[in-house]
Each structure stands twice: as C-alpha cells, then as structure tokens.
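Two complexes, one shared chain (chain A), two partners (chain B, chain C).
== the complex of A and B ==
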C-alpha cells in the first residue's frame, strides 16, 4: 500500500530526502496495519458471538505444527532484515528464502490439509462459517505476504537493497510479523479456547 | 476521438473484458468441481470482482507498483504533456492532488445527481397515498417491459413488482448519496489539505490516485444493481432480508466495498500528509482549521471502514457459499450484523459531516472578518466527536432485540456527542458576533448550514433517548433528522466550498446572481422538506413504505414535500449550470478573491502545477482577521530554499 522504495534519481517536487520519505512510509504502513487489524478483530468478535464457549473440532497436532511453522518463519524474517541492515546480502537472501518456504508450508497446511480434513464444510453451521472465514481471511493475507516476500527476495537478488536503503525489506517484515501476530490470536480462538462442540 | 486514448476508456474496456473472463473462470471452476457451469449468482459475482480489478489495471493505477515489484525505477516528477489538451489529465491516472481532488468532486456530483434523481422518482410516488406512479405503465416507459420473468441477466424476476422497484430506488438513493458524500469528502481533503498546510502534494501520490480510481468501478457496480433486480433492504442491508434479496444485493455489497477501500487508502494518505508535510512554523495549533477536521475524519475512515468491508464480505460469502453468519435458523446471528455494520456506519455519519463542519469554521472568519472564536476548542471538538462516535453505534438498535440493558450506556454516550458539537456552535456564534459580515454566496450557504445543522442537532436527542426513540424509530422523524444533518453537515458546506474555491480551481468567477438564486430556492425548500418530514414522523408516517392509508391525513404534507424536493433538484441544476458555464467563460478572478489570509490564496489562480514555488513560513495565527500587522504566512522567507519539512 505504501511506497516501497525511495527512488534515488528523482525526488518528489518538495525534494524530500530518503530519510523523510522513509519516515512517511513507515507511518503509512503502520496505519495500514492498524486499519487491517480491525478486520481481524471483527472476525474474532464474530467468533465470540457465534461460538461463545465452544470451539470447532480440529486436528490439534496439525494446528500446532502450522502455528510453529509460522512463528519460526517470523524469526527468519527478522534475521533477513537484520542481515540486510548489516549489508550481508547472501545471508539476507538465505533467510528470506527460509521464511518463504515456512510460510508456504503454513498455507498448504491450513488450506490444503486442514480445510480438507475438517469434519464440517463452510455451510455447516456457525462452526463452519467461523472456521473458514477466520482461516480464509488470514490465509489470504499470508498469500499476499508470500508475494511480497518473493518480490523482495527477487529484488534483493538483483542487488536493489543496501544496508542504508532497504525500505522494501522492512515493509515486508512488518507485514509478515503482523500476519504472525494475528495468527497467535486466531490459533487461540480456534484451537485452544473453550470446549469442542 | 481523444477520449479513446484516455485511461478511463482503457479501464472501461478492461472492466468489460475482465467481467467476461471472470465469468468464464468461475464457470470453468464449477465444471472442474463437477457442477453445472451456469449458476447465475456465483458466475456474475465472479465476473464483477475480476472486472473491477481489470478496470484498475486498465486505467493504469497499478503501473508504477508493478514496476517497483520488478525492481524498476519510476519518476516522482509530475510532468504534463503539452501536446495533450488539459482535460485529458482528468480522465487518466494523474498524481497531482489538485487533479485528483477535482476528479473526486466531479464523480461525487454525478453520484449526487443519480441519488437525487432516484429520490425524485419515489418522492413523486409518495405524493399520493396509493401506488399511482411507479406502477406497470412506468415500468414500460422506463425499462421497456412489464414486471415479470424476463431476460438473461434477470434470470427470473428483474423487478418483481412496483413495491420492490420503489424499495430498490429508495435503497439506492441512500447508498448512492452516501457514496457521493464519501467522494465529496475525498474531494475536499485531496484538493485542500496539501495547499492549506503548504505541501506540494499528498504523501503518497500513487496511493492517492488509486484511491480515486477504485471508486469508478465501485460506483458503476453499485448503480448496475438496478439491472440485476435491485435490492429492497434499504441502505443498511440487514440480513436476513439481504440474504433473500435479488442478485442486485451483491452489486450493492461489492460496490460499497470498493468505495470503502478508497476511504481507507485516502484516509491513510491524509493522516501521513498532515502529520509530516506541514510548512515550516506550522505547528498543529496553527494549521488551518479544515486540516483538523480532515485529520479527525481520516482517523475515523481508516479504522472503522474495515468493519463494513468485513461485514459486507461476510454477507457476500453467506449468499455465495451458504456460510451461515447471520442466518438464525442455521446457527448465525442477525444482530451480530447490526453491531458490526453500525460500528462503521455510525462513525461514518461523522465522516460525512466533520469535513463540512470544518468548512464552516474555515469560511466564517473570512466572511465575518474576525478571528475564529476558540480555535483550540474547535480543533479538539472535531476529535471529541470522532472519539465519542466509536461508542455510540448501538443507538441505532434500540428496537433490534439486543439486550435491553445495553441501551442505557449507548443512550448516554450518544447524548454526549452534543457537547463537542455544541462547542462548534458556540464558536460559530462567537465568530459571527459583531462581525463585518459579507453575504457572498459561499457565506449564505455557510449560514444555511449552521441553521440546518442546528435543526439536525436538536432533533438528535429525541432519537437518542430510549423512551422517545421507541415511538419515533423507523418513522419520518428519523428521516428528517438525518436529512438535516446531511444537508447541514455536508451538502450546504460542500456547495459553499465549491463556490468559495471555484476561483482557485478555475481562475474564473462564478455568477453571483445565479448563486444567490440557488441559495434562495434551495434553503427554504429544504426547510420545508425536512420540517415536513419531522412533522410527518411525529404523526406516525413510517419510513421505507411505498403507500399509506389516505385517511391518515398525510396527503397534503406529502404533496408539499414532493414539490419542495423538486425545487431542491431544480436549484441544483442551476448550480450545475453556473459551475459549468463559469468554468468555461466566467470573468477572470483576481488572485485573492476573498482577501483570505490562508496560504492557498497568496499564489496564482488557478494554482500552479506545484503549488508553492518555494516553501513558505508560518509566522502568525491563521485567523487574525482585522488585526493590523499580524500576517499568517511569510511567502518569501529569507533563504527561501529551506526544506518544507516540519
């Protein structure tokens, strides 16, 4: 949503420096994150209203496994950003690739496996509505996050980022961590809270 | 035909092609899943969504972002091709905030025209007690067929009966007006905010342009709902009716969703622009007051809008996949919809009015030649209203069946809104007090706004108090109250703003004579309309009904309201004539028409491509009208090349 990179040659008419634009981009992205969080809060409220003290019957082992994958991916995302800030491009590329792979495993685990194995479909009562909408909205965000990661990896491979100027990497990292934090709440809401109906 | 080389034309072609591709895609997917290829709703909705995306690709909103994704550099310099006529900029992607502001404004006015036209239809119908106008004859004239099973798109009942047609027009009137108002808010924020705070553009010009263009497919899809059977839920779209309404419901849901995306993207842009791009010396407390209003509006827009986006998606999913969020018979909860919906839609009405109230505060000192009374209080009152608005939503639901004890806190929080709003009225009265008032057209509309908004204000508490609301809920009293707030809080102020900044936009003067005609027709007609609505409501006239019992004695008032409605419509035509004619051949305006202290009037009209050739410095208070030697801005500070950041 925000301008990922300040181009070096041309500047806005005001002649804004990279630092100024970085500050604006950061503010803009954080505002977007706050805004987007309202969607997930709304979904969580829907879950509380519709299911209350119950929770859908899901595969606990699978849920724990994909959650672990996503958590660990955030660690590697952080490593990638730090390595870029230190100007270590090979390590940056390695770490971001690991993040990409872990994120993909998460997506496949939720959409490809859990959706197939769940004992109910999207139209089977409130459980189905809540489970598929919460995981679906989140999976869509993971999917867009993976696209962002791929773009950043690809541009990093071509040497577009430096230790001083790598807003694109930072933006992807903020977005990725945000998706991860959202899942922490959703995992609790779907797998841990309450008793199976 | 140069129109064929504009972004708009490419976008429209892409939208048609995208819709076809999207429909084919859904049909192919259905065949792969072993289902019959054609199912009306999923296929058409699939086409609608892909079509909207295709419009944005076609118009060119994504071009620079795609380049970034591929690691290419793009130029931030706004360049204008001198070989193209200047009108073409307005029909293509352009990053200049002034162009985008006018784009917003024009589309906003078009939507208001559509919404007003719908109103004229059902207002005419309401002049008589029975169904005498929107009957089968008018169907034949308007749509070329009688109600009944016709057509590929309709797949059954396009407009099953006159009552449904009335309900669809009434629902569309509401939501199209709201779309027009949201775009009008975007017009004011985009055109004014950068100029008022001394910036040369918004913080994110590409996002700004995207935020405008996403409205175009949104508005087209919204209006297209009439072709797909309309929807009879009113603009609130409550389930379970929304789950059973014709396919047009999906156009309503998705059209509003797209316009919501525009709100969110635009609001983020406004917040970042105001917080980081103010001129040197312009502290928050020295900003022109409209910037405060725009900031408070943006805070509401960027957060609450997500809830209506989510809610409408859930209804779409329920209709498409049968996920029972809001169907009580399958484990859902219709009240949940109302909570999620009003959590946006109540703050939304403050989104509609806060910029307008900002315009009133901005223009009053100029025409009263006096300082704005209580600047800080006015600035904070905008934020007070915005903050309180998050805690009042359930006052729309006193009769919904939610827990009765919840009504009490929501009643009190709602009444609390009167406090910051009262601060604004106090400031306006204080500003007018002993002022040297000049009654130019913008000032007439500002004064009209204050009177009308006051009516809207005092009719609010009866609707917010549980004991009275139980009687007036869903009557014309509420309709009258709402029209008072919208006309006083948005319609009159934006008209004032258009007249006031018209010389800045075009370099020409509008016709003062036609402007006065506009006001003196519209203001009394509206007073009749809204007071008549309030009166009818107290007499027990239900809202959203096509016919009423002739013996109830509503007839004469309804006739008067219909006439008043047509006078308002006619006065708006005068407005359009005035604006279009003056933009083309009005007399040239001098640079500072209104002797304003504001920075945008210190530069040439129309404003140059990059607003300020050199950054200015704020050296005083914005509204010290009448004080000698108290300049607000120094347009040529020493060492003029200093950067504009704060």
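== the complex of A and C ==
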C-alpha cells in the first residue's frame, strides 16, 4: 500500500494528476466494499430465514465486550487517518497501533473465546451453520484487515506517507470501518434479535 | 533527550478530531441501548436493526467519508 508516484501510474494515462488517480482509487474501493457487502447481506438473510424469531444461545457480556472493542478500534482508526492528514506521523503510528491491538482482541474474543464457549458446533443444525458462517466470514475480514493495518503501520514508520499523499491510510481506514459497520448488524442479528433458542 | 517541536493544532484538525469523538460517543450510547433492549425485550428486533442502520449511517458519513467519493474539488491525500 505504498503511495503511487505522480509520474508512474500503471493504469492512469500519462500525466493524470494524483487527484484524478485518487478519485479512481476511491471509486474502485467503494465498488469493492459494496460488492463485498452483498455477501454479508446474503448471510444476514440466511440468518433471518433459518433462525426466524430465535437467536443462538450466546454469552451476552462477551458479545457486548467484543463489539465495544471493534467500535473503539474504529474511533482510533479515524484518529490515525486524521493525524496523518495533518502530518502528525507519531500520533498516526500510535493510533493505528491501538487499532491493531483492539482488532486483535476482537478476533481473539470471537474465534478464541466465543467459538470455544458456544454450546453448539458448526454442524449442529441451522444455529451452528448460521453462527459459524457469519462470524467466520467476518473474522476472516478482520484478519485481513489486521494484515492491511500492519502493512500501513510499517509503511508509515518508514515515512512513505505524507499529509498530502496517504491513500494507503485512507483505504485501510475505509476497509476497517466497513468491517465495523458489518458487525453492527451481525451483533444485532446474532446476539440481540429474537429469543434464545 | 531532544525536545521535538510540537505543531500547533489547526482548527480543521480540531474539528475532525472532535467529530470523531462525538460519533464514538453516539455509537457507545446506542450500542449500550441496543444491549439493554436486546436483553429486556428481544422481540424488538426490527427496532434494533433500525438503530444499527442509524449507527452505520454515521460511520459511513463521518469515518468512511463517503462524501469524498462525490467531491469534485481537488483534495489532498
């Protein structure tokens, strides 16, 4: 996720300005986000059809705790992006590291704790299928998001971003917030909607 | 120990940081509200989804800056 040099864009016509390529990058990323969102919508619809007015028997406190971790990580990701946009590299590095730590806690909370404590397995009927496919697909996105954040943190440490040119940071932030938005709905669908089965 | 010069925080910078804090507070309050409703009145699933959509709106607008997608001005970044 290094910054493209103004004179060597591979896909932009020669002489395309940084702003032009930035606009194309944004459009491309948002198209990806929307297409990826369709998969999550499909999983949510599967939950509504298969579980109806019931919900899996899960630990409410743990669900709230991991949700809080992800929400707060989004806050720090936003701070990291704002700090980079204003050229404050130390604050950017600090905030993105906090985001990384909180995202890792979320991942461990879901995969390492909730999956182990859930009273059903992936093959235990609709409940298991819905819960593990929804959380599994989301956790995979969190995992790839963490890799992306680490790459961006490392690039930032090496001084590859500036206040004027930091598309990599913006892209990582959009992807991370998207993961957060998806969880807002999954949290309701898995932990809060309906009566425990 | 070398003292690094501290750059003054500009107004747009302050505004963006403050917006981030307000959105975070809003998300915290609404999520806790969802939790309470989900525990006390689970059948209110539709209302909980509306609250989730409300939260998502603010994240998409203020954290993901969807407005930049439609911006015609030559921004930095």
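The rule we apply is simple: the second predicted complex is superposed on the first by the 184 of 197 C-alpha atoms of A that agree within 3 Å, B and C clash if a C-alpha of one lies under 4 Å from a C-alpha of the other, contacts with A are read in each partner's own complex, and residues count from 1 in each chain.
As a working rule, contacts are C-beta pairs under 8 Å (C-beta built on N, C-alpha and C of every residue); 3 or more make two chains touch, one makes a residue touch a chain.
The model shown is predicted, which means the values in this text are computed figures rather than measured ones.
By the document's definition of touching, neither partner reaches A:94: not chain B, not chain C.
Looking at the shared chain after the overlay, A:158 reaches chain B, while chain C stays out of its contact range. Look at A:46: by the touch rule set out above, it reaches chain B but stays clear of chain C. When the two structures are aligned on the shared chain, A:27 is found in touch with chain B and with chain C. Contact with chain B, but none with chain C, is seen for A:36 once the two complexes are overlaid on the shared chain. Contacts of A:71 after superposition: chain C is touched, whereas chain B is not reached.
Of the two partner chains placed around the shared chain by superposition, chain B is the only one that A:122 touches, whereas chain C remains out of contact. Across the superposed pair, chain B and chain C both touch chain A at residues 17, 27. Note for the complex: chain A touches chain C at residues 17, 19, 22, 26-27, 30, 53, 55, 60, 64, 67-68, 71-72, 74-75, 77-79, 82, 85-88, 163-167, 170, 173-174, 177-178, 180-181, 184-185, 187-188, 191-196. Touching chain A in their complex are the following residues of chain C: 7, 9-10, 12-13, 16-17, 20-21, 23-24, 27-28, 31-32, 34-35, 37-39, 42-43, 45, 48-49, 51-53, 55-56, 59-60, 62-66, 68-69, 74-77. By the touch criterion given at the top, residues 68-69, 71, 73-78, 199-201, 203-207, 264-265, 268-269, 271-272, 275-277, 302-307, 309-311, 314, 317-318, 321-325, 330-333, 336, 339-340, 343, 610, 615, 643-645 of chain B touch chain A in their complex. Across the complex, chain B is touched by residues 1-5, 7-17, 20, 23-24, 27-28, 31-32, 34-36, 38-39, 42-43, 45-46, 49-50, 122-123, 125-129, 132-133, 137, 151, 154-155, 158, 160 of chain A.
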